[in-house]
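First, the structure itself, so that you have it in front of you.
The letters A, B, C and D name the chains in turn, as written, and every chain counts its residues from 1.
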Amino acid sequence: MAWTREQMAQRAARELRDGFYVNLGIGIPTMVANYIPGGMSVCLQSENGMLGVGPFPYEGEEDADLINAGKQTITALPMTSFFSSADGFGMIRGGHIDLTILGSMQVARNGDLANWTIPGKMIKGMGGAMDLVAGVKRVVVVMEHEAKGEPKLLEQCTLPLTGQRVADMVITDLGVFTVARKGEAKLTLIALADGVTLDEITAKTAAKFENGLDRAAA
Amino acid sequence: MSKVYSGASLALAELMRDDMTIMAGGFGLCGIPSALIGAIKLTGVTGLTVISNNCGVDGIGLGVLLEAGQIRKMISSYVGENKLFAEQYLSGKLEVEFSPQGTLAERIRAGGAGIPAFFTKTGVGTIVAEGKEVREFDGESYVMERGLTADVALVHAWKGDAEGNLIYRKTARNFNPVVATAGKVTVAEVEHMAEIGELESDQIHTPGIFVSRIVHVPNPVKHIEQVRTRKRELAGAN
Amino acid sequence: MSKVYSGASLALAELMRDDMTIMAGGFGLCGIPSALIGAIKLTGVTGLTVISNNCGVDGIGLGVLLEAGQIRKMISSYVGENKLFAEQYLSGKLEVEFSPQGTLAERIRAGGAGIPAFFTKTGVGTIVAEGKEVREFDGESYVMERGLTADVALVHAWKGDAEGNLIYRKTARNFNPVVATAGKVTVAEVEHMAEIGELESDQIHTPGIFVSRIVHVPNPVKHIEQVRTRKRELAGAN
Amino acid sequence: MAWTREQMAQRAARELRDGFYVNLGIGIPTMVANYIPGGMSVCLQSENGMLGVGPFPYEGEEDADLINAGKQTITALPMTSFFSSADGFGMIRGGHIDLTILGSMQVARNGDLANWTIPGKMIKGMGGAMDLVAGVKRVVVVMEHEAKGEPKLLEQCTLPLTGQRVADMVITDLGVFTVARKGEAKLTLIALADGVTLDEITAKTAAKFENGLDRAAA
């Protein structure tokens, strides 16, 4: 009865605000673009050098010179601008992107985030993930609550970190948590997926969290 | 003293030697200097240190040099698309230094702009910061990263002229403009060779000063890693 | 949420307060945001710290704010064209921090790109390096310089659109592109307001993300500090 | 019988090489552009954001948006490119400019250079001078040998420095000196202006120098 991938994307889309510049990661985060509320203007950035990412091209209209950071063919919009990767990451590092929505392998109670490597497996590299979590104003993680029956929300990450105390919110198939990036570590459950109980999410979460459901509902 | 060379191999003449450091523009297979990479293969130089965001895929882009055993070390942010890479790395033939993508882009820009080191938030508290200076500025922690330069830098542009002025197209721009600034010698391959004056002065992405040699490579084959499309009947739904 | 404002004063509404830090593009009197500077004068705010390569001339550009006694401190590379500046400085009313021009440009770029500090050769062994960390990299000495940001950044562009995309003209570009990146709020005045889509995506100098507010200022008066010409009969001699 | 300003510029022009990218300071250095040898291609950079500086405009064709680093109206050439000041100084700091020719108030035997301020007078600022002397590959100084009867070539500069050990060559109205930027301080006279004697230039130079006239002539 947990949320589907589409529902997770839909929930993440509620974090968008009119006028936001947003960087979307690969997978479920990409799907968030399908749920931008009507009338809301949101501009998507791709760190490889593009502001104003359009939808996938029609079949036969793919342009090898026009790809997003996931190396997928995309299209431009009338307001699109292109720039270098150095400028693309200047935007990110300089705090000009309002929101990034990305996947993760683990998130700790204090907002530590691990999503780039599993020791012992072939290391692929972190790509732009470390820059995004360090530089973007607000970091929303969208991920399955568990991986092969193991919780992904932990007291401490066991995988090498992508960033320290960088997550602001975690949306899983079971619910939504907010994370304090400053001060004492604090994870707060603010929503449950339809049909998910507090007991169930507590059982499947390896990090202590506060119950903020009442406050959120109020 | 013309900068224009009539072929990719000629454009690299007398530049290549074993154990040198080269740098290549491109992101994935987009905007990569394929013809120049092919010409490096032909030179047979080995022991290369290659600075590039990715390492191509098997048989395409820098994958060609990997296949030929010419690369000793990669400085990259992501090499996940290359099976051969994994093999050579695990067998100890290939050394890898990972730099976060934005840090890599900035290190290359810094190298080209005479900046030996800078501080960034990216990677603080991760293995990227290990062994590097971490310092606080205004209450936040930053890690010091070093600038990067190369003996030879290779870029791919859409248009160029005999002066070495370059214009890139769409997201094929990516790392190319910063890579162009960071080579002791920079060699550019261009899809269209323009007459001097044809490129609008306000629209030149790489001023000619950065480009020592330029070669016209018309109609290059361009590869796409992830073809994603929408169906026509869905028009307007997105 | 439109970025377009119908006048310079409206474009600054609720942004200005005493003792804030502002930044302005321009080099000499070329490419300066004159209309926005004029609007700041009208707000009457005082105690400003102003980051700009120059401080205009008497009665033009930032000279207007100097005249009105609104500037407490300048961070500049050169202020030689301004008599009032000398007076206020010598009388202790005005504080000045000189930064070498290239260092100033880089400090602004760094500020906009999230880099709190970087190293440069410029100024080593001079009073510019006094009180700053000097460090050796690869046998050469470099001085550490800090990034700069501002509460409000003002730029002048040739063309712009409602998205905040900007294109500059010729050497009126100068400091404007980096200044545009370094303001908590950046306000742009443009000579021509284009329709969305009219500005070619590959040719935009400042992507709209950096610009919060934009105002159309058609046919601005432009001043020249040093008119130098050649006589027509000398054509070809130069 | 010393060299005229034109002759000094002419002598400085002999330091140009085909294909060079050159930054010229204000005053006599600007005049060097008039003496670029025929058939030689030299590209002039202006640090405010222009590569390929053309001659002054015809009367009536001045463009307020087109000035050099001395804030003088100029023209563009067909190969001209424009860029930001940050990029202009990136070229300089990054060592991409082959040669700069500039004026100076003092030069020391070890190549120290002082040309931006006189303490006690109103400080105007260094502009781009410190960046140029620190970043450009080769720095040629063109200046009068004396200022109001005082030598400008000194054992040590008395004015605040623009750069430490940065001058490669000094061209004055009396002669030409080379300067060692690395190792032991070493100033070498390599040419005398027409009609100037070794005694005269020695008397007017407050820095020890070696006589390299024979070697230069050989």
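Following the convention adopted for this analysis, a residue touches a chain if its C-beta (ideal position, glycine included) is under 8 Å from a C-beta of that chain, and two chains touch if they have at least 3 such contacts.
Model, not experiment: these values are computed from the prediction.
Engineer: Could you tell me which chains make contact with subunit A and subunit D both?
Structural biologist: B, C
Engineer: Report the inter-centroid distance (CA atoms only) between subunit A and subunit C in whole Å.
Structural biologist: 36
Engineer: Using CA atom averages as chain centres, what separation in Å is found between subunit B and subunit C?
Structural biologist: Chain centres of subunit B and subunit C, defined by C-alpha means, are spaced 32 Å apart.
Engineer: How many angstrom lie between the centres of subunit C and subunit D, each centre taken as the mean Cα position?
Structural biologist: 28
Engineer: Tell me, which residues of subunit B touch at least two other chains?
Structural biologist: In subunit B, the residues touching two or more other chains are 106, 109, 113-115, 120-121, 168-170, 173, 201-202.
Engineer: Residues of subunit A that contact two or more other chains, please.
Structural biologist: Correct list: 76, 82-83, 89-90, 92-93, 135.
Engineer: Chain contact graph: line, ring, star, complete or other?
Structural biologist: Drawn as a graph, the chains match no named shape, so other.
Engineer: Please list, in label order, each pair of chains that touches.
Structural biologist: Applying the touch rule to all chain pairs gives A-B, A-C, B-C, B-D, C-D.
Engineer: What residues of subunit B sit close enough to touch subunit D in their complex?
Structural biologist: 1, 109, 111-115, 161, 163, 165, 181, 196-197, 201-202, 204, 207-210
Engineer: List the residues on subunit B that touch subunit A in their complex, please.
Structural biologist: Of all residues in subunit B, those touching subunit A are 27-31, 53, 76-80, 86, 89-90, 96, 98, 100-103, 105-106, 108-109, 120-128, 158, 168-178, 205, 222-232, 235, 238.
Engineer: Please give the residue numbers of subunit A that touch subunit B in the complex, ascending.
Structural biologist: Within the complex, subunit A contacts subunit B at residues 33-34, 46-50, 55-68, 70-74, 76, 82-86, 88-90, 92-93, 112, 122-131, 134-135, 160-165.
Engineer: Spell out the part of subunit A that touches subunit C in their complex, as residue ranges.
Structural biologist: Per the stated touch rule, the residues are 18-19, 21, 41, 43, 45, 51-52, 76, 78-83, 87, 89-97, 135.
Engineer: Which subunit B residues qualify as touching subunit C in the complex?
Structural biologist: It comes out as residues 106, 110, 113-121, 137-138, 140, 142, 146, 167-170, 173, 200-203.
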